[in-house]
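So, here's a batch of structures to check.
Two complexes follow with chain A in common, the first pairing it with chain B and the second with chain C.
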Partner chain A sequence: MTLRLAALTATAVVGLSVSAHAADVKIGYQLPLTGDTAQYGQDFRKAAEIALDEFKAADKPFKVEIVFEDSRSDAKEGVNIARKFVDDKAIVGVLGDFTSGVSMAAAQVYKEAGLAQLSQTASHPDYTKISKYQFRNIATQAQEGPYNAKWMASKGFKNVAVIAEQTDWGQSVVAGYTEAVKAGGGQVAFSEFFNRGLKDYRSLISKIERAKPDAIYTGFFYEDGAQFLKQLQQLGVKTPVYSTSAAYSPKLLELSGDAADGLHLTSNFLPTNPDPAVQKFVAEWKKRSNGAEPGQFPAQAYDAVRIMLAAVEKAQPNPTRESVRDALAQTKDFPGITGKTTFDADREANKELTKVEVKGGQFAPVKE
Partner chain B sequence: MSASKSRPQWVLPVLIGLLVFAALPAVLASFDRGYFYQIANLALIFVLLSASMHLVTGVAGLLHLGHAAFYGVGAYTAALLTTKLGLGFTWTLPLSGLVAALVAFLVALPTMRLVSIYFAVATLAIGQMLYLVMLNWVEFTKGPNGIIVTKGLELFGFSLSGRLATYYTVAAVVVLCVVAIGRLSHSYYGNALRSIREDDQCADAMGVRTVRLKMEAFTLSAFFAGVAGSLWAHMTGYISPGDFKFSESILILAMVVVGGLGSLPGAVIGALLLILLPEGLRGLGDFRNIMVGMVMFLSILFLPKGLLGEVSALRLVRQQLGAAWRRTDNGIGIGWR
Partner chain C sequence: MDLFDPYYLQQLAIGLSLGMTYALMAIGFTLIFGVLNVVNFAHGEIYTLGAFAGLVLITAAAPPIAAVVFAALAIGAFAGFSLERLAFKPFRRFTDEASLKSRAMRESTLLSSLAVSIVVREALEIVFGSQMRSVPFEYLINTPVRVGPVILVTGDFIILGVAAAMLIGLQYLLTRTRIGLSIRAVSNNPLGAKYVGIDTDRTIIMTFVVGSMMGAAAGILVGLYYGAIFPAMGFVPGIKAFVAMVMGGLSSIPGAVICALILGISESMATTFVSSGWSDMVAYGFLILTLIFFPNGLFGAGRERV
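Right after this comes the complex of A and B.
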């Protein structure tokens, strides 16, 4: 028990000494910097640092600092961090978390405290419904599903198979897409979920093949995607594969090699986009990551940070938590590298999607 | 003589009571930071989880690798009763424990005759099974979407969602449960469980009903884990299967082992250490996990019996908390020495 007192006092001292750094405004960023999903969190931090450095270089009349806290994609830690951010009166807005689960557990705290939370990736359908303080900078599957269903229907695919990872996001992939396919008169011959990190997709693939679909629609991230595509190639399956923007990562190509060729997917970010803002970000990213290209998630994080910074700037001279939230809600046509962002009345970002096909180991935008 | 020997029996409980219900809340209130309250509550919940695992793994000696699943069953019971039937914490608290205990009882039936590593693997499978049910039975548990628990802590209609009220509720429940676990593990009942751990065949030959006792310990421990689950569900307001995965079972096991197998005070200290340390080390950034790992490694290396091993714990409990040795008025010595 005395140990706990000592530890509490210790954390108090650490906490106080940290808050002694004077910055005009602070933004909290909770993200997984360690643990199973650390690769995403590390990317977000890098993207946020690029955004913040650019902001500082622009010589604004006020200072902003971003406080990064590691949640390990663990709800316990996410809630602790949320309480910590709420306690720090200098924090006027929060970014993160990565997974919907942690974002939603933390959201209960932000809702109660009245602190705006903008996640770059939380895609759970109910996330923004928690309160008026939850925002996201990602296309939901309610947008992407119908878009892809229409795209595939235009190619003449009437009978499709759907697979997705067994997460809240995977659930929304299947729900959003299936509904749209049925509305468009097509039919879903087979749908199944798999657990993240599955190594052997062969039984799943043979089940898909038994259903004889015209095409396969998939909800996976790059790690699982690469495994799936490689095994598909090994089994000699030629059925066309479509996927969501979540698979849009250079690491997908790196891990799957030529197995990814012919994969169709959507994206709201293309590193080859000639827009100077995009090129500036890509150049800066490459400089900080040994020449690697950024995927879609870091781009979303970069935009989310810039949207938050813009809201803080708009709320000057005296930004409060409430005024930053209101400024965020008013975000309209924000010129981001993932397209123009506008928050609708439900605090959802409506993203423009681009059609992409993998050709010769490269993502190439296609017209249809 | 009898006065001086019997006095300590109430001193330590009163001191701990004062610390938990007066000193600590006073410190928390003086800082008035939600963060400290949160950590205190979380630490208390894990004290309960660790103490409940202590009963089955520490005292009865059954290596349990699926404890977090029963914590999850409790949390899901609370969440589903709240969202589907509109019941409040008053009802979900006992019901979560009972449902977790019932599930434990049912899965224990076929596994109880297994020993040592075979039992451990069986509990590993049970934990995974329950986790997969939470994850994949989408119609019932909402699967990976998780459940938003709409009601906070309350008792008979009185809201207990204020910071101090939440702390007191969690603390009261946890202290009550830990006292109950203390009575179970420091009594003839606890000794019977220890005899199973030391040599179950010998215990069997001496007339101890080993299978039944193992089953009881397993079920009781699940009951307390379920209670902890309902605390977590109502306190956080959102639960998803990820909160109850295998790594949580291992975290709880680590708490019990670092604290000292078979030692209830050790289990409590282990839980406090492994919750407070990672939070306290936040300032170290990416290195904090390594530091936590180092602390665990060194503590096992140099204190293999735990921070407060079973022998010292038994001495402490018997002399300070239980019936210490004393002479009655007619000169007969009774109690623990």
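Right after this comes the complex of A and C.
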């Protein structure tokens, strides 16, 4: 018995020393691949596969594998996946989840286990406050709210209605914006939440219009956004609409047609950016999606995966969970397609935002 | 607070049009329940299938809108037939009296229809992806129409017309035709109907075909109305139709339609007083109130089934 144990230990030690130079590792990716938000998870997987294929083509001395697990945007499922990832000792870093709610639920598990988690989209301010293991590659509403508030104030809108989906994220949209407006001496005429996936916004629109706002600030994703904008047009409402980068998706234009014209929003990715890295990603994306253009979220996912891969590479030859986290924290000026990424002391990626307006069925960058 | 404030008229109009979309779904749902006395959980997926069938035809051939609705009806009929064969017929395998009267046997179809609904939804996701798909704009039925101080869209009138035609057609079918007579016989007493020589199997299949055609037509119409078609689109209307059916007394089709309208109006009116995020509470609140105070539904007591 003792002998066998000794033999096993010896094998293990030999095994370890063999892998000591350029160890093969795994990265976990939790994301919704089925269910109501599957379209986002599917896009993330596609973006991650593009990033991984490019990484493999670069002929590195070690192999990386990404393990995808379907969270269905369900917090319970997210926690189960997090436990599974934590148990797999080959996993040195985790990407995901999609929503702030699920990311924050899973974060509790990663915090205990000491495994770095990098979400491409969780933008709730509290997410990175959970522990030193939470990172994100998206502007938070604490950053976007004041940015948009300033933009709208510069247009002379004093009385603004704010609506957002009834989620952790939606609440951060309203809070981030409202605080900034109040700090600037303005006022929010009206704020309300709606359920994600609501089909008929006409009641809500009539109610907003009764408050006679100068403009409407909205926290929605493209599905809800498209319905909202179309019904706004149906009811003949001309009040200008502003939105966050979450609505930035070519699908928004496809679904709402000319109803989207005049929508103002922010973004950190433009598929029309002439930067060769952007064009390379856009070309590869189109090849894999029947010619459709990528939105901002897949671009953030692509960058998040590359940031994680770079951290794993930096932690070679013997990456551990701790060394990958440290390498991630040291990320500085990472040249991504969503701008340069540097994690600050709070593990926030301070993304550069661009002002965009929908003109003639296209997203067009605007100065003012 | 002036009740004839155009604001309330507009909310009323929105509520009515919302209620009509629920009613469209509730008619087929209630018909199937009335005959089998079990909920057909796959009705929402029939609705989705109808919408996708229409969309596929639109993208492939760009036919006139009537042809699109007929394609949805055909797919609905086929889907209803297949659904019955897959999820309901196997549970009628045993024809002895004990099995025919067994609640457990009948209620197993709750789960089998739920299983079919999951398989269909996931299959649609694999084939079409879970993204919302847009409908070419020339097919949309949401051109604004101004009626006095109120703004409606063309689809409101089309849906109203179709729902009325469905309701009247169904009443005609049920009361004036032989197949309607047998549907009513089976829904009243399946065993008795069998003993007097009615082909209950055939009647049940017919009910599914008719009910599912209506579900599929509802799907394509609501799809063209809102301009977005996606695999999970049947879920919420399914819940609303279920609530309308329970409120209406489980097996009364006119009752379900009236309750669908009440539901729609209450939801849009509620938005005025509470946050829109709470408007779903209206449906569930009605469901609970009905179950507590009107266990037979608002229109259920003392009526003939179906």
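Quick note on the criterion: the second predicted complex is superposed on the first by the 345 of 368 C-alpha atoms of A that agree within 3 Å, B and C clash if a C-alpha of one lies under 4 Å from a C-alpha of the other, contacts with A are read in each partner's own complex, and residues count from 1 in each chain.
Definition applied: a contact is a pair of C-beta atoms (placed from the backbone, for glycine too) under 8 Å apart; a residue touches a chain by one contact, two chains touch by 3 or more.
What you see is a predicted model, and the numbers here were worked out from it, not measured in a lab.
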For this session: Could you say whether A:251 touches chain B, chain C, both of them, or neither, answering first, second, both or neither?
Result: second
Exercise. First (chain B), second (chain C), both or neither: which does A:353 touch?
Worked result: neither
For this session: Check the residue A:198 against both partner chains and state whether it touches chain B (first), chain C (second), both, or neither.
Result: second
Exercise. Where does A:166 make contact in the superposed view: on chain B (first), on chain C (second), on both, or on neither?
Worked result: both
Exercise. With both structures placed on chain A, which of the two partners, chain B or chain C, ends up touching more residues of chain A?
Worked result: B
Exercise. Once the shared chain is lined up, is A:84 touching chain B (first), chain C (second), both, or neither of them?
Worked result: first
Problem set entry | Contacts of A:101 with chain B and chain C, given as first, second, both or neither | first
For this session: Once the structures are superposed on A, label A:50 by its partner contacts, choosing first (chain B), second (chain C), both or neither.
Result: neither
Exercise. Once the shared chain is lined up, is A:174 touching chain B (first), chain C (second), both, or neither of them?
Worked result: neither
Problem set entry | Which superposed partner A:70 touches (first chain B, second chain C, both, neither) | first
Exercise. Both chain B and chain C touch chain A; at which residues?
Worked result: 34, 166, 193, 195
Exercise. Mind pulling up the chain C residues that touch chain A in the complex?
Worked result: 7, 10-11, 14-15, 18, 122, 125, 129-132, 134, 137, 142, 144, 151, 153, 226-228, 230, 232, 236, 267-268, 271-272, 275-277, 279-280
Exercise. Which bits of chain A are touching chain B when the two form their complex?
Worked result: 1, 3-5, 7-8, 10-12, 14-15, 18, 33-34, 69-70, 72-77, 79-80, 83-84, 86-87, 99, 101, 104-105, 107-109, 113, 124-126, 130, 166-168, 170-171, 193, 195
For this session: Over in the complex, which chain B residues touch chain A? Could you list them?
Result: 16, 19-20, 23-24, 27, 31, 33-40, 42-43, 135-136, 138, 143-146, 148, 236-240, 242-243, 269, 272-273, 276-280, 282-283, 285-286, 288-289
Problem set entry | chain A - residues contacting chain C, complex | 34-36, 38-39, 42, 163, 166, 192-195, 197-200, 202-204, 206-207, 210, 223, 226-227, 230, 234-236, 251, 254-255, 257
